[in-house]
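Scrolling down, you'll hit the structures one after another.
Across the two complexes that follow, chain A remains constant while its partner is chain B and subsequently chain C.
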Partner chain A sequence: MARMKFICDAERCIECNGCVTACKNEHEVPWGVNRRRLVTVNDGKPGERSISVACMHCNDAPCMAVCPVDCFYKTEEGVVLHDKDLCIGCGYCFYACPFGAPQFPQAGAFGLRGKMDKCTFCAGGPEENSTEAEFKKYGRNRLAEGKLPACAEMCSTKALLAGDGNVIASIYKQRAKTRKKGPEVWGWAMAYKEDANIAAQEVKS
Partner chain B sequence: MLLTRKPSSAQKTTTAGFVARTNSALGTMDRRAFLRRSGMVAGAGAFASQLPFSMIRKAEAAAAPGTEGKMEIKRTVCTHCSVGCAIDAVVQNGVWVRQEPVFDSPINLGAHCSKGAAIREHGHGEHRLKYPMKLVNGKYTRISWETAINEIGDKLLKIRKESGPDAVYWVGSSKHNNEQAYLMRKFVSLFGTNNCDHQARICHSTTVAGVANTWGYGAMTNSYNDMSNTKCAMYIGSNAAEAHPVSMLHMLNAKEHGARMIVVDPRFTRTAAKADQYIRIRSGTDIPFLFGMLYHIFSNGWEDKKYINDRVYGMEKVKEDILKKWNPKAVEEACGVPEAEVYAAAEAMAKNRPSTIVWCMGQTQHTIGNAMVRASCILQLALGNVGTSGGGTNIFRGHDNVQGATDVGPNPDSLPGYYGLATGSWKHWAKVWNVDYDWIKAQYASQAMMEKPGMTVSRWIDGVLEKNELIDQESNLKACIYWGHAPNSQTRGLEMKTAMEKLDLMVIIDPYPTASAAMPDRQEGVYLLPAATQFECAGSATASNRSIQWREKVIEPLFESKPDHTIMYLLAKKFGFGDQLLGKANGKQNIALKGDEPVVEDILREINAGTWTIGYTGQSPERLKAHMRHMDAFDVKTLRCTTDVVDKETGYNMNGDYFGLPWPCYGNAALKHPGSPNLYDTSKHVMEGGGNFRANFGVEREGVNLLAEDGSHSKGADITTGYPEFDHVLMKKLGWWSELTEAEQKAAEGKNWKTDLSGGIIRVAMKNHGCHPFGNAKARAIVWNFPDGIPQHREPIYSPRPDLVAKYPTHADKNAFWRLPTLYKTVQDKNKDVSKEYPLVLTSGRLVEYEGGGEETRSNPWLAELQQENFVEINPKDAEARGIKNATFVWVTTPTKAKLKVKALVTERVASGTTFIPFHFSGWWQGKDLLDKYPEGAAPIVRGEAVNTATTYGYDSVTMMQETKTTLCQVAAA
Partner chain C sequence: MKKIAGVSLRALLAGAFLCSTLVAAQAPATPPPAAKAAPAATAPAAEAAKPAAPPALPAGSTAAVGWNNPPKWSEVETKPQYASVPGREMNILVEDKGHWWRAVRNGPVTFYGGIALLVVPVLLLLFFAIKGPFKLHDKPTGRLIERFNSVERMAHWTMAISFVVLAVTGIIILFGKYVLLPVLGASVFSWITIVGKNIHNFVGPLFLFSIVVFFFIYVKDNFFNGNDFAWLSKFGGLLSGNHVPSGRFNGGEKLWFWLGVVIFGTIVSVSGLLLLFPNWNTARELMAEANLFHAIGAIAFAAISLGHIYIGTIGTEGAYKGMREGYVDETWAKEHHALWYEEVKSGKSGGKVAGATQPAAGDD
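Up next is the complex of A and B:
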């Protein structure tokens, strides 16, 4: 069974925001909620690098650990999903998440948080696959259609990779080997407790 | 220790089914398909995926949300930049519900930037102009199409009658598809004026003129794809990572395989962030830098001597000039780059061949733009890089179809296909159009006006405001039709507003009201007509690499909008030349009508029938459509199809073709020329897309041979030395005339390859003899017919360096240049010391999220959310000196006295002394939001100050390109 993961190749990311709008478009995510966003370091200076960040679908996800109503679950492919019917919008997951993935539409009085929303790896939610109900709450379920997340599929420079961890790691490894640069994969140590230097690892594919 | 030990209570309600389905869905993908989905495989083979959905449907038992109703997939192409990214639009019951990446496209392999990935919003268009409107007592009021056409038509006919046809200015569009752009030129000609233009004027006009005059055609020589074959690429005046993001796919691939990347720019752009070497130059000093490189190339003997001898005219004199003027000290003084950096760039380009150069608006939008682009050409000629894969001048165009609109669209100085405006050109097109030449002539004020280039879009405001006795036409402009063009992309906004207010009539034809609707303070005399986007009609568009792609119609026109070509026909009918527009005469009709819509395929066939000069003749609708259905047949690195791939619908076999039949695709479709992937490439046979430099400038000059030397010719040519272009006389002299059929001989008698409507001369020269119809000559390092034959650095009119103005002064003033007096020295002298008051260079450029004037993109919530305010980039040192804090409002003022209220972005991206403002914003006017001046509900979501409200005077000395890249400003905290 595939274990789904993301890689963002900082040597390739040009901060074009294609992943961001691809996500907005596919899931019709409202203004103000950003399931995916760009983070740039050294903006405007030599050494400028950008990374596209969303839920990384961690092995041992902190959001799952802290959720007081236990609304999270993990699919057999390692995708971390949640149930909006259970979510109480408490925001604990937001504080626990190292990637800032959980988003809260600012609806209601007194700054009341709505139901949490985050990247689903384009895998929908607990509703019946590819139904109107699932789409409204969680967006499209591309995995169920045999497709990969829209953000990675549309990435302008193929910097953002999504799919079976072993496959994308081997792609990345090949790239790093060819260019002799950027062996470290951002976020992997944190999300998957794996050595970030995947180019140096033996990857089974 | 794990954080999550407890079993979760939340679960997929249908776990079993989910897993089963997911498995089966994934199970249909082999590794290759998977890699394609993760975007990894360059190329893509024959794996059946014209429609990525087909494989999914089989696997997918459950229907996607709301799948009841007819689901169709329409293949289209992004309408933002010129890369030409393909898109599969999923349409359900006439509604555009989803978009899918087209992994098979050799151009973009499914990749998109933020604009392309947000393209589906065009199918919603909530902020569109929804119906025809007219300004009544300062408010936009809804009217019917019938009323609109009648009232606009009557007013224009009245102006035409009272002030002549040249009193109306038609601003066309690079967002039109080829067929609409072409029809627009014809439409304007039938109205009787050459006063028309489009975005190319302010985009790459200097490139087109400078490059065409150097070696033949004014276009990108190679392709985005071919950049993956380069060993070294130098971007100078291009921020591709923001302006052409998907092009970076190919460059980064080359880079990962060892190619070097150099970025030369006043700003440390996002493109620079990816470079091996970044070089900061002072804005407007490209020539000192490029000639500084050539100084090292010549000094070290790195130039390609054989290539220069065989294929270049005038390089010796250029070399002399460079060695005399551009030693490292002079270079550093002018552009601010130390010798070591210039040397390193020169060495990298010389020792990593084939090397390529990329430029965009950073070179073109200057008063000496035509000279800057030629300096770039000279660098590539010296290195022998032109006409080779991995080399060339990769000139990235701006709009999705600015290349096509330049080739066949509304240009003031030429009929379609760069035929010019001479009597012979008119007779050629009149014949193709099936319209009587004398009838057209009678529509014009006179034959002289018919053959005189019109005003340019950069200067139409002066056509309104200039004293009548100083302009080179009878009347000043009384009406202006903005047809798919933003006003905020042109300079001198203050004067533009005055001009808009002085006009008798303004008509805006566009999917959006644009800033034109909101800028002028008028009470009446403005009409807004809703035009359909390119997703609401079919047609072809030419990407920057000259590949032509066919867009299917995705959805019906939204609201009450109509396609541009339908609006043209309605107006033509009102003006009384509907039949002429369709070429209906003597029992023949070139273009059929479907309702009020001229049939797009027929328009393309008419383009095919007449545009021999640049080879727009082989791209029949059938061939183009077949290519779009079989994108997987074409290789990503070469763009070529190398196996038998037969399109079922047409029976057409694509074997040998290059994707999109990049022009020139010579001869008629039956000749089956494959298109030209890299121009002037002598290593290939002309029937395989090879070529050589064009013989367009005579055979000798002052006793020096202008044709190619012995032994220099395209592969397999029967003539193994230089030769002039082919005409009936040369064919007869060579004894090849008899190879034309009788019918061809009849059509070709007295003609040359460009005017022979049978295509016989081309067929015989190319297919039978391997010769290039346009001859085989040398490129010109010296363009003697330009103001500076050898490119010369001249300081911008508003220069921060009075000392260098004295050393490198601008041109003398000109009278009657494109019908208008044009000032250089007068303005420069007057403003010699203006930098005391306005010490900062102000330059402008693009953001990845927006395009052009930005009306469409700022109306798209998915994009607008990402850039909500306009800003000025200012160096921390300059900000500190002015007490300016990051993210606070500032006033930017320029010598025009205009003031812009924007946020300060304090960043080292710009050097001290330089500021930058993106040009996509409009909707504010000197600090005031114009929201209430737009039609209700049709204002863009994000509005902001337009940088061009404050830009200054200055125009290129050949093409009237506006100076936007170098002017001066002062910034103060607000």
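Up next is the complex of A and C:
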């Protein structure tokens, strides 16, 4: 079974926000919630790079560990999903997540948090696949339709790669080898630990 | 590449000069490009054969090799950068304090906190089983003294009841996952926790308010004096069985007032307020820290409160009635708070002697 992962190739990302828009459109994400966002480092300076960030579907996911009601679960493909019916809106996953992935729509006065919303790797939720109920809570289940996440599919420069971790890692390695630049995959050390900088190690000459 | 080979030496030098000025202006951490550009341009054919060599620059190029290399992610990812998506900390790629918070909360706080909340009641029940309650030595006189007026009692019970509600709902949030969830199942436990979280959020401010009121009502009788240190040094006569004379409140009660109500009350209130209002846009790190202060402070507060609850109910004959109804028997006052009893009898203290019968309705 494939282990689903994301790679954002910073050498290719042009900060077009196409992935952000694709995600919002695909899942009809509520106002104020962004499952994916772009961060530009060294903005306007030499070495400027952009990274598209969403839930990285960590190996040892901190959100799962701190949830008081255990509403998270992991699919066979390593995708971290959650049950919005169980979520109590405490915000602990938001404190624990290094990537700032969990989002909370405001559900009342004083900024009361509603049900947490985050990237599902386009894999829906615990509801029956591709049902109206699943779409309303979690967005489209593209994986069930045999498609990859909309953000990566939409990426105009193929900077954002989504899919089997081994496949996208080998694509990235090939790119880094060819261009002799940017061998370090962002986020993998934090999210997957044991996979830290595999691409970097193999392309070092 | 052919064009480059045909370029005159003068143009090459000019290109190298431009490169070096660019380097000087931008001061990158890479070696000067002039040295690298020159051999690449003089031997363009060899360049293609040796892929490991640094990339060649076209003559006249103003680029400096390596000046636009990607950053080392670990150096930039935790610092605020630029993000077009609005919102607090959206411009930070990685907030790594969350791992630390998770480790402390799920580790020592849950483990030792759970042990504390299990061991303390067991010890108290053991103590009760061995020693039994503190009983009065003399017979009750039947004459009652007012110990707490209605305002004092209301302040106490508002604080006490809200404290218990907060403790129970808080314990569900921290420990329910390990204790209740396997028994009740995900749906029922989630429903209980959602209700509990909302009760916790609304009772919290009431508790905070009651602490402030309680402080101002009770502080006048809670300043430490010499008697209290004598009381504390002898552990209140707990081991010897002889009461140490004390004023209206003994050393233990005063310690509970300052340590519990004032110090722990402040810790849980301030950290609780930070957690209660996500619309203050508090940074994640501060919220995680507030959560730890809240959890550790509340567990310590709850563990000590069990001792107070024990002494105030089954542990001491007549103590609960004093706070429930406001009146204590003269014998109780003489034995537990001798100095206060004398003050009341001599008319120096505010407490009044109620007479030989139960107080009439509305008397307080």
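Everything that follows uses one rule, which is that the second predicted complex is superposed on the first by the 196 of 205 C-alpha atoms of A that agree within 3 Å, B and C clash if a C-alpha of one lies under 4 Å from a C-alpha of the other, contacts with A are read in each partner's own complex, and residues count from 1 in each chain.
By definition in this document, contacts are C-beta pairs under 8 Å (C-beta built on N, C-alpha and C of every residue); 3 or more make two chains touch, one makes a residue touch a chain.
Small disclaimer: the values here were computed from a predicted structure and weren't measured.
K.L.:
What is the contact status of A:51 with respect to chain B (first) and chain C (second): first, second, both, or neither?
P.N.:
In the superposition, A:51 contacts chain C only.
K.L.:
Have a look at where A:155 lands relative to chain B and chain C in the superposition and call it first, second, both or neither.
P.N.:
A:155 sits against chain B, while chain C stays out of touch.
K.L.:
Now for A:39: first (chain B), second (chain C), both, or neither, which partner does it touch?
P.N.:
The answer is second: A:39 touches chain C but not chain B.
K.L.:
Looking at the overlay, does A:86 come into contact with chain B only (first), chain C only (second), both, or neither?
P.N.:
After superposition on chain A, A:86 lies in contact with both partners, chain B and chain C.
K.L.:
Which chain, chain B or chain C, is in touch with more residues of chain A?
P.N.:
B
K.L.:
Who does A:95 touch here: chain B (first), chain C (second), both, or neither?
P.N.:
Second partner only, chain C.
K.L.:
Tell me the contact category for A:10 with respect to chain B and chain C: first, second, both or neither.
P.N.:
second
K.L.:
Touch check for A:68: first (chain B), second (chain C), both, or neither?
P.N.:
So A:68 only meets chain C here.
K.L.:
Applying the touch criterion given at the start, work out whether A:106 contacts chain B, chain C, both or neither, answering first, second, both or neither.
P.N.:
The answer is second: A:106 touches chain C but not chain B.
K.L.:
Please report the chain A residues shared by its interface with chain B and its interface with chain C.
P.N.:
On chain A, the residues that contact chain B in one structure and chain C in the other are 11, 17, 20, 43, 46, 48-49, 62, 65, 70-71, 83, 86.
K.L.:
In their complex, what parts of chain C are in touch with chain A?
P.N.:
Interface residues on chain C, with respect to chain A: 26, 28, 52, 55, 67-74, 76-77, 81-85, 87, 89-96, 98-99, 101-102, 105-106, 173-174, 176-177, 181, 186-187, 189-190, 193-194, 197, 201, 275-280, 284, 287-288, 291.
K.L.:
Using the touch definition from the top, list the residues of chain B that touch chain A in their complex.
P.N.:
2-4, 6, 8-14, 17-19, 21-22, 25-26, 28-29, 31, 34-35, 37-40, 52, 55-56, 59-60, 62-66, 98-101, 109-118, 120-121, 241-242, 245-246, 248-249, 252, 255-257, 268, 270-271, 273-274, 278, 848-849, 861-863, 865-866, 873, 907-910
K.L.:
Quick one: which bits of chain A touch chain C in the complex? Just the residue numbers, please.
P.N.:
10-11, 17, 20, 34, 37-43, 46-49, 51, 53, 62, 65-71, 83, 85-92, 94-100, 104, 106, 110-113, 180-182, 184, 186-187, 189-190, 205
K.L.:
For the complex, which residues does chain A have touching chain B?
P.N.:
Touching chain B: residues 2, 11-12, 14-22, 24-26, 31-32, 43-46, 48-49, 60-62, 64-65, 70-77, 81-83, 86, 126-132, 134-135, 140, 143-148, 150, 152-158, 161-164, 167-168, 171, 175, 178-179 of chain A.
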